[in-house]
Amino acid sequence: MAEGSFRVGSLRLRNPVLLASGIWGESGRSLAEAYRAGAGAVVSKSIGTLPRVGYPNPTVEVLGPWGMLNAMGLPNPGMERYPEEIAEARALGAPVVGSLFGKDAEEFASLAQAMARTGVVALELNLSCPHAKGYGSELGQDPDAVREVVRAVRSAVSLPVWAKITPNTHDPAGLAEAAEGAGADAITAINTARALAIDPTLARPVLAHGTGGLSGPALKPIGLACVWSIFERVRIPIVGVGGITTAEDAYEYILAGARAVQVGTAVSTHGVSVLGTVARGLDDWVRRGGFPDLDHAVGAAHPR
Amino acid sequence: MAEGSFRVGSLRLRNPVLLASGIWGESGRSLAEAYRAGAGAVVSKSIGTLPRVGYPNPTVEVLGPWGMLNAMGLPNPGMERYPEEIAEARALGAPVVGSLFGKDAEEFASLAQAMARTGVVALELNLSCPHAKGYGSELGQDPDAVREVVRAVRSAVSLPVWAKITPNTHDPAGLAEAAEGAGADAITAINTARALAIDPTLARPVLAHGTGGLSGPALKPIGLACVWSIFERVRIPIVGVGGITTAEDAYEYILAGARAVQVGTAVSTHGVSVLGTVARGLDDWVRRGGFPDLDHAVGAAHPR
Amino acid sequence: MRVVVPVLEVVPETPTTVTLTFPYPPPSEPGQFVMVWLPGQDELPMSLSQTEGPVKGVTIKAMGETTRNVLTLSRGTRIGIRGPYGRPFDLSPRRVLVVGGGSGTAVLAPAAEAAHRRGSTVTVALGATRAEELLFYRRLSSMEGGQVHVATDDGSAGEHGFVTVVADRLLDTGDYDALWTCGPERMMEKLRASARARAVPFFASVERQMKCSLGLCDACAFGPFHVCTDGPVFSGAQLEEVFDFGRFKRDASGSRVPP
Amino acid sequence: MRVVVPVLEVVPETPTTVTLTFPYPPPSEPGQFVMVWLPGQDELPMSLSQTEGPVKGVTIKAMGETTRNVLTLSRGTRIGIRGPYGRPFDLSPRRVLVVGGGSGTAVLAPAAEAAHRRGSTVTVALGATRAEELLFYRRLSSMEGGQVHVATDDGSAGEHGFVTVVADRLLDTGDYDALWTCGPERMMEKLRASARARAVPFFASVERQMKCSLGLCDACAFGPFHVCTDGPVFSGAQLEEVFDFGRFKRDASGSRVPP
């Protein structure tokens, strides 16, 4: 694929392999390093209105080479301070997708306006924050809430808006449809799966927060199933994420229906160079698969 | 733990480690062998009204030592023929929990009556079958459907009724509450998580059915999180299942809130003797944890 | 774990049987099987008819839709393979009588050859419906000093009638430390009786419905055993414990049906 | 992967500092750190002050709530350990000046000892607020032929004032192939300038907020580096690339704050 020939909706990127949100995303310099390592673009840490220190440690638990749990608790410097990080990343040439989280449509919309002013190339809405209405549930599990948030952001900014979908739902495609209907430009799928680790000798959860989110290779089959079902029901592009470590993994997401992918946990387990390695290898897979370009491979595993 | 001293609700079992549904459960003799290998009881294959051959092969895909996918498609000989298998298992001394699946409350109730006549010790309702109302969803993802099914079965039989919960939901505890409210005697959690494997060289899903269910070690953190949240909101006993391979895994489920556990995939990866190994080892863990008996360990990882 | 490989050769063996070879380095032993995935069609258990080296082979008889399609496969077609699974033949007996019925000979050929290479005396009896359906006659005849006895249903080659009659005669006239067989289950059941009557240790490769091949799903339940993990090769003593042997198999729903 | 182990010993080192030892066989090198989980409280990065053999040790200074509680831990308390993480000191320099400030000496002691055992000449300068807060004075003095120079803020031991003054004098009067330091960042920043002025290779063990310790979460972002995976030991050349060094750290929210 030629540099810059690749697109998610109206957005042009040098390649379709992005750094996922929450990984190397607290500092602008780290975002720039991830871009330098070969990412097509980088997604920022999810930013809220006020600074948040997140949950106490332990915030991560490695389960094995196949997966890990985290419960960071959305630490972030807040929307007032974070623009300086984006500025640093941009100064070093990195296209940044700004990730946001809020408690409701209004907060999302005002964050979106602030984020838009930083020069990000798109917004990604992290809809996995606690939902006031439903006890123990995430805002992003409720199609009505998704619709409301996306609509509010859509009318607040002109940037591309990506809605990031949770796997903790009975109907990922329904959530994606809600986002599409409200004007989202793309669906990012998926965030981590709700999970728990208990230390048997101490008879307590390992993570300070209790439950956390599963990421890494074990999440891949779950993410693929979500992308698969979303592809069957929406027409806007899908950005696949969950357990991608190799170009083969990324290609599987493309075949399932993704038009771009994000890599998270593998940046830790395989080093940041994994971003470039996956991008180059994906290109090879597409060619060896006999497709003229990536667009033709998107969703190719679906029965025609 | 002394033989027979262990209970799930009113049901007494020799130990709290059961064979999970769909594993070694098509033939009565296999059920009996699993009991002989040390299970406290055995859960039958899920039985429907008519014989079903299930999906074509490939029906399984091994992802690694950490997990596998299956899409068997509920093959079963149907309720007319299956009683002969239960009779064989019972003749060999095995207490059988009869698992059922149906399309609606009415079918579940009439299956329950037929299953009750076979001499099973309890019924387990597999609520993970396609739901007529919701496109692409399972009956067990809808709390109203769960309530209706459990209520119908509850009033049709006097046996203990266990409702088996799917992880493909935003609110496992809500489903469990619905089952409890409708008179369920226990909650079994969880069934497999919706997942997909794609063969990149062939650009198609590996399983003939397309999507399948994730089981094995990678499912454990997801199952633990479900049991954890269910324990916080229901009072009836929970039977934990998902990725249990070792006694330590089983003990983690107990600490999260389960009163008994089931073992599925590990019967294949570690041999059927794993049932006895887990049962004996769990007893050790409970003792070493300083608990007078298993009942005191149930949910002990929750903050008090 | 499944790998997708290209078919290297498609070798016609009889009008209804072909051998497929494919690159598959994992070591295997005679008697073991693999799951062969024909993408878009089905995945079927197939005994390895070629067990040595990095290229393996399966020999497939057209029975139903999927296996009929195998006859028309071409070189380069990509198939999925997982395995090898199951327990192999014990190759230690010094004098072996091998009795193959139809495509059952597929699994016996590599076992016979391996035993022969280890210095055992191997006597072979093959049965088929008619002369041209005899499988691996030439392959097995080429074992040095070996002898291949034949029976066909229509008398077009060898003895007219069942191979069990030939086997009985061989059992009566020779000394054997083992009888190995694979073929229609009623044939194997008869041979078991013959071997038992003469106190010859008996081993049969059994076929049942298979789905997981991992000892998980119970599709291949066979008395106290699972064919995929405890078999497919069972001893006569094991078969004593299996009421179904020669009487019932299970269809894909798990219902008992005639074999 | 995290393991839960009992504390073997709680050794008071100064009125505000204790060493905890615990069984932890994984091999480690001086400069590396572990994540120490005090269940119900916090998990903190701690350099290994004892890196050899199956029993490891960390030396902890009471700073905030969690570390204050460490002072009152008792033998047998179960703690969680994961690691070791990070890049160790390069032990090859033949003449090393080691400059420790406060609890920073924890990570320097095993490095100094290891270099000494390998035949390097090790000169040590220790700084502390007052005499009784000097860490590992005896431990480091016991290195054969080694010399420990001291400075205290209140003059209660050694020189009155900052250890940087002592270090500068040593740099001026001796020849060194490396300067190793750990302590307050402004102290390290000063030493870097001193070392650079004299062309002595400089290595500092840096502390930053840590959460994952896996190079994932970015909590320890440090210029183009992550302290958890690229550090905690950085060379002077690396530190040239880090604007924040001596100027800013990040709090738990990721906001830049004074160090």
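Structural remarks
To keep things simple, chains are lettered A, B, C and D as they appear, and every chain counts its residues starting from 1.
The working rule: a residue touches a chain if its C-beta (ideal position, glycine included) is under 8 Å from a C-beta of that chain, and two chains touch if they have at least 3 such contacts.
Computed from a prediction, not measured in an experiment: that's the story for all the values here.
Under the contact definition, chain B and chain C share no contacting chain. Averaged C-alpha coordinates give centres for chain A and chain D that are 37 Å from one another.
Here the CA centre of chain A is 52 Å from the CA centre of chain C.
Taking each chain's centre as the average of its CA atoms, chain A and chain B sit 33 Å apart. Not a single residue in chain C touches at least two other chains.
Shared interface positions of chain A, defined as residues touching 2 or more other chains, are 63-64, 204.
Contacts between chains trace an open chain of neighbours here, each touching only the next in line. Shown are all chain pairs that touch, namely A-B, A-D, B-C. If you check the complex, the residues on chain B that touch chain C are 22-27, 29-30, 33, 45, 51-54, 56-64, 70, 72, 75-78, 81, 199, 201-202, 204, 206, 208, 264-265, 267-269, 271-272. On the chain D side of its complex with chain A, the touching residues are 1-2, 4, 35, 37, 39-40, 42-44, 78, 80, 82, 210-219, 221, 223-224, 226, 250-256. Partner chain A is touched in their complex by these residues of chain B: 63-64, 66-67, 69, 134, 136-138, 141-142, 166, 168-171, 173, 193-198, 200, 203-205, 210-211, 214, 217-218, 221-222, 224-225, 228-229, 248, 251-252, 255-256, 285, 289, 297, 300-301.
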